[in-house]
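Next come two complexes, and both contain subunit A; in the first it sits with subunit B, in the second with subunit C.
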Partner chain A sequence: MTITSSIHPDARVLAPAAPARGGSAALALPALLILAGAAATFLFSGYQLLLAANIVAYAIAILGLNLLAGYNGQISLGHGAFLAIGGYATAILMSRFGVPYWLAVPLCGLVTMVVGFLVAIPALRLEMLYLALATFALAVAVPQLAKNKLVSGWTGGVDGLSLPRIRPWSALGLDVDQTVYVYTLLVAIVAFALVVNLLRGRVGRALEAIRDHPVAAETMAIDVRFFKTAAFGVSAFLTGTAGGLGAIATAFVSPDSYAFFLSITLMVGAVVGGFRSVYGALFGGAFIVLMPNYAERLSQGAPWAIYGACTILVMLVMPSGLAGLVRAAIDRWRTRAR
Partner chain B sequence: MNEFIHQLSTGLVLGCVYASLALALVMIHQTTGLVNFAQGEMAMASTYLAWTLVAHGMPYWPAFALTVALSFVAGMGIERVLIRRFDGAPAHAVIIVMIGLMILIDGLVGWIFGYDVRTVDSPFEKTAWLAAGPLSAHEAGIGLVTLLLMALVFAFFRFTRLGLAMRAAALTPLSSRLVGINVGLMLALGWGIAAAIGAVSGMLTAPIVYLDPNMMLNVIIYAFAGALLGGITNPWGAVVGGLAIGVAENLAGAYLVGTDLKLVFVLAVIVAVLTIRPQGLFGRRLVTRV
Partner chain C sequence: MALTRRTFALSTAAAALLPRAASAATKFPGVTDTEIRIGSTGPLSGPAASWSTVNKVVRALFESVNAAGGVNGRQLKLILLDDGYSPPRTVEQTRKLVEVEQVSFVTAQIGSAPGLAARRYLNDAKVPQLFACSGADAWIDEIRTYPWSLGWAPLYSDEGRAAGKWIAANKPGAKVAILYQNDEAGRGYLRGLKEGLGAASPGLLRAESYESTDPSVDSQIVSLQSTGADVLALSCNPKTSVQAIRKSQDTWRPQMFMNSSMTSVAQVLTPAGLERAKGALSFAFAKDPTSPAWANDPGVRDFNAMMDKFGAGLPHDALAALGASLGATVVQLVRQCGNDLSRENLVKQTMAIDLDVPMLLPGVRIHTTPQNRHPVRELRAQRFDGTSWTLVAQK
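Right after this comes the complex of A and B.
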């Protein structure tokens, strides 16, 4: 038993706070990731680029979920709903109104953000367990909402909507798949940069204070209602944008794309990647896109069994997820080098 | 009018199924303070077990009894091995673990049995005399079994020493330990009983919703709604809530929103209950000190 665990029961499960690494070292990791991401444009092609684009898009979605659930403690099991809103909004904007994709994606992010604010209002009153329950029910209801006759004029009902294929950036020598991937990557870089900046400062500390002890946070003059609502809004913005990116990548949306299990998949990705970590979202996105690709050959049920087993294992053994594992490895390497 | 009575009776029967699953949810909430997100999948796995036994030649009611017993043991095992480890952990941890458990069970059953939808015969077909008025034999059978289940659970908690011990362990664990009650065992028993009740619920539902790994996904949402509506701290409330949701869902589906918006309707009910009166109709308001 270490001293930390007798101070606060949460301490052993909390990931260590991101150390304030200053100067050039702090930029090394992001720069490396961006370079790797850019290189992937030319190393892969076709279907692999589609997978890569999906990984990056899901990483943004999981980042949104991490922000809300990991940093702010509002467990949402219904983030698939935001993906659906983002995806359908993009599809409708592009196919019905002819909005170009590079404008449609940020717009759908804004639309989803508004919905996020609306959802946040009742969510403020719900404690964690009941919020999880309510969002669980939301996730189950989403496909029905998309199929419903009232909106099927817009959403295409059961058949779904196709998106117009985007024009490739031939000036840069990229084909359609590469263009989609590069655009997704650019959006991701902006999104991650924004979130990292947000979380490193006052806002991040306020969010975490609200998660750990809302009453204490309130007494310290942190506007709990504002930050919780804002967290929901930003989270919805990120996830909605990811939904739009996903829709562009597959050029098709339908109610079945946003079935109940998608919300659960996002949560699994967030947990396995690293619940209270920005980079964890990348690991999570890779996990939820790549693992089923291989596991599906075993059986249709195998990916779910593996998701479940991994989630339980991570919570038992490695609560800070893959990102925590990497961080521990880096820390150990650093102390050994001294 | 006939149509309305038919909808009403079907609603009550479905409500019995939701009520029994809601009872399982309340059982776990009463003993461990958690809402078991995996309850539906556990019930589904029990139903597959029963189906396998019957497919291998065992007659229905012995298979039923054996499944209930095995589910009881499995429920105890899950609590002891998995849930117990998260005793002092932050609130989100055990929720995530239950979600993980839910998809693990779903995936395993899908892996072993495949995702084909199978039809299951009702055990009440041979007792056609059960059919009463607008209810078919199976529907009447569901009602009877649910009533029996509720009576058994009530009698257990009210009139047996073990039931008393479980209630004490849930109310004041520390004092119960001082009096010599094995609180850990009581928690495990709570999960075991809930798993057994869930198994009954699943086996009753299978002839209606057909057997496939996702059969309980919708049912669990209705059960949640019923438990929340009735009050998650009150077993009677859960039953009343389940019946109410069954009737409301059916009537709303027939006359208000159409069958394809039933889940949205139930979602609205859940959100309304949680925002307007979180303790439900018959529950107690839980106040925590800071």
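Right after this comes the complex of A and C.
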């Protein structure tokens, strides 16, 4: 008759409806995505590989945003700042300190994570709208910092910074574009595995409990402050890493690369892809990179109007985003198959 | 089945990314007997969209040339893609222009950061990046490292240098102060001003900067006033220029030097006060189509006619004049290449352009050599007389 045993059944009821994941079926989807991603290395070339690398990098960034805003309820309109920090950290490590790219990217993730923790502390006091505004201010301020006289020797100031060339993995028969893409894909696999694992267990439930009902979470002995700070840190780590990957793909960083619109773009991508979904981040990344190309055929000045229209459409028609749509379709097929 | 649906979605996306079938093999990339494909990128969307007037006027000029039969029998086809002034997107679109659209060369890319981002790829791919719309020093300083890339307009530092030299020559003993926007244009102008002033004494007393998001520059102006300077150089955007002119001409009234983005009578000087701006100096290279001084100029009349016919809806302003002049340079280059439109020859011919462009100021001529590849470097001094800018007579 302990409190724990009487809470357990309730906790399972309150837990979010995790999709029924049994054994091998749960691995089929990730395995398929990895296979498709790997196949792209040899099916695509040049420009397409650049697009693919950017899609995967943005997917990691949106994954970070989903973790913080979707799963933990801390709305951030400033994730562009973390992209900027990650991108610049990678550029500076590679060009000023000669650090190889495969080491620079994880390091920049750690640097951004530290910044994330620092931001998380005052963020604990802010709720919803105020947090969104404060993070937006961060998104505006951080790229400007790169122009500051004190650091412009390191950051390249207004003209930006070129990254050194990547040496291709010629032993595997890959050229530079393929190398960058495969490296980005490998980092993505690790990042997604990390997050899926994190969200599946106690940590995921704690984060969502904090989002849904912080007071109740506190009374269930969940350390709200710790989890909120940790969520910020991990989110920053992911988005910073994505910033580093983006910097490598473009081989250039500048304050203009991280204009404050980027933060809004990430949020739109997260919503369209599926706000509370890990795999939705992939849809979101694809949306951000590919939509402007399609919009150009309608009207060359169109992208922002279409971003807005898509966001409204998604809110009305499929609030769980594209991922929610796919999941609903899968569930409908499953029930039909039985 | 559900897995197949996701696979289907993925493969459709993949198919969407695949390029169209390659066009029939041609001797020179992007060139056929009837057409030459030319690529460009610019901010067609987003906050910097007004700059894309330049690309659109280049396109209008090409269309007017095509209507008259093209160049050596070939139509000039400009393929313009949007990059939203975002360097990562510029790289994507530039690669699309080269690999998917298969253009001969890329021209008139707007912006320093976007152009510099695309520079390395274009040089690696040996595709000419001609006449980039950016005044950054890098286009001249690093031309040996990136020989396939070329700027066009005078650099921001050229304007500052012209101002500094003018002050040193005509106002010895002047005490100079400068307010500049903290971006590449402002920083470049400051650098050039210092160089132009050189050993002049006392020279530059103080430099104050501002961010484009600052609501007011009153404190900077007051700080500059306190130095006792009698010359104020300004490198500002239109909105801030109005504030700076008003504040500085209140009690201080220094001799003003303005950079070229501040000289619009309608946009800047009228709101600031025409009387206040009287006597200000600036350095320009192109004719302002809105200025009454050029109302009867045949070059401007032709420009207006071309814009009315092929550039409907576009403003007839300084950016349009820049676009028309740049477009004319491209047309001349293609003409000079004749039937050898290889990328190598295109670059070679850029070192041998000798051209008078109707929309450039008298005395400003494009004359390139292998040692001096940058097309436009000259600037002419002009003074505001209360209604329009008039050229200061050349010595």
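Going forward, the second predicted complex is superposed on the first by the 315 of 338 C-alpha atoms of A that agree within 3 Å, B and C clash if a C-alpha of one lies under 4 Å from a C-alpha of the other, contacts with A are read in each partner's own complex, and residues count from 1 in each chain.
One rule holds for everything that comes next: a residue touches a chain if its C-beta (ideal position, glycine included) is under 8 Å from a C-beta of that chain, and two chains touch if they have at least 3 such contacts.
If you're wondering where the values come from, they're calculated on a predicted model, not measured in any experiment.
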Return first, second, both or neither, reflecting whether A:Gly157 touches subunit B, subunit C, both chains, or no partner chain.
-> second
Which superposed partner A:Val140 touches (first subunit B, second subunit C, both, neither) = both
First (subunit B), second (subunit C), both or neither: which does A:Ala40 touch?
-> second
Between subunit B (first) and subunit C (second), which, if any, makes contact with A:Ala302: first, second, both or neither?
-> both
Is A:Ala251 contacted by the first partner subunit B, the second partner subunit C, both or neither?
-> second
Once the structures are superposed on A, label A:Val196 by its partner contacts, choosing first (subunit B), second (subunit C), both or neither.
-> neither
Given the touch rule stated above, what does A:Leu325 touch, subunit B (first), subunit C (second), both, or neither?
-> neither
Pick one for A:Leu110: touches subunit B only (first), subunit C only (second), both, or neither.
-> neither
Of the partners subunit B and subunit C, which touch A:Val99 in the superposed model: first, second, both, neither?
-> neither
Could you give the residue numbers on subunit A that contact subunit B in one complex and subunit C in the other?
-> 140, 144, 147, 261, 300-304
The residues of subunit A that touch subunit C in their complex are 28-29, 32-33, 36, 40, 43-48, 50-52, 54, 140, 144, 147, 157-160, 162, 246, 249-257, 259, 261-262, 286, 289-290, 292, 296, 300-304, 326, 329-330, 333-334, 337
Touching residues on subunit C, where the partner in the complex is subunit A = 1-3, 5-7, 9-11, 13-14, 16-19, 44-47, 49, 80-82, 84-89, 91-92, 95-96, 98-100, 111-114, 116-117, 120-121, 136, 138, 182-184, 187, 211, 213
So in the complex, which bits of subunit B are touching subunit A?
-> 34-35, 37, 82, 85-86, 88-93, 95-97, 99-112, 114-115, 213, 217-218, 221, 224-225, 228, 258, 260-264, 266-267, 270-271, 274-275, 278, 290
Write out the stretch or stretches of subunit A touching subunit B in their complex.
-> 9-10, 13, 69, 73, 75, 77, 122, 125-126, 128-130, 132-134, 136-138, 140-141, 144-145, 147-149, 215, 260-261, 264, 267-268, 271, 298-312, 315-316, 319
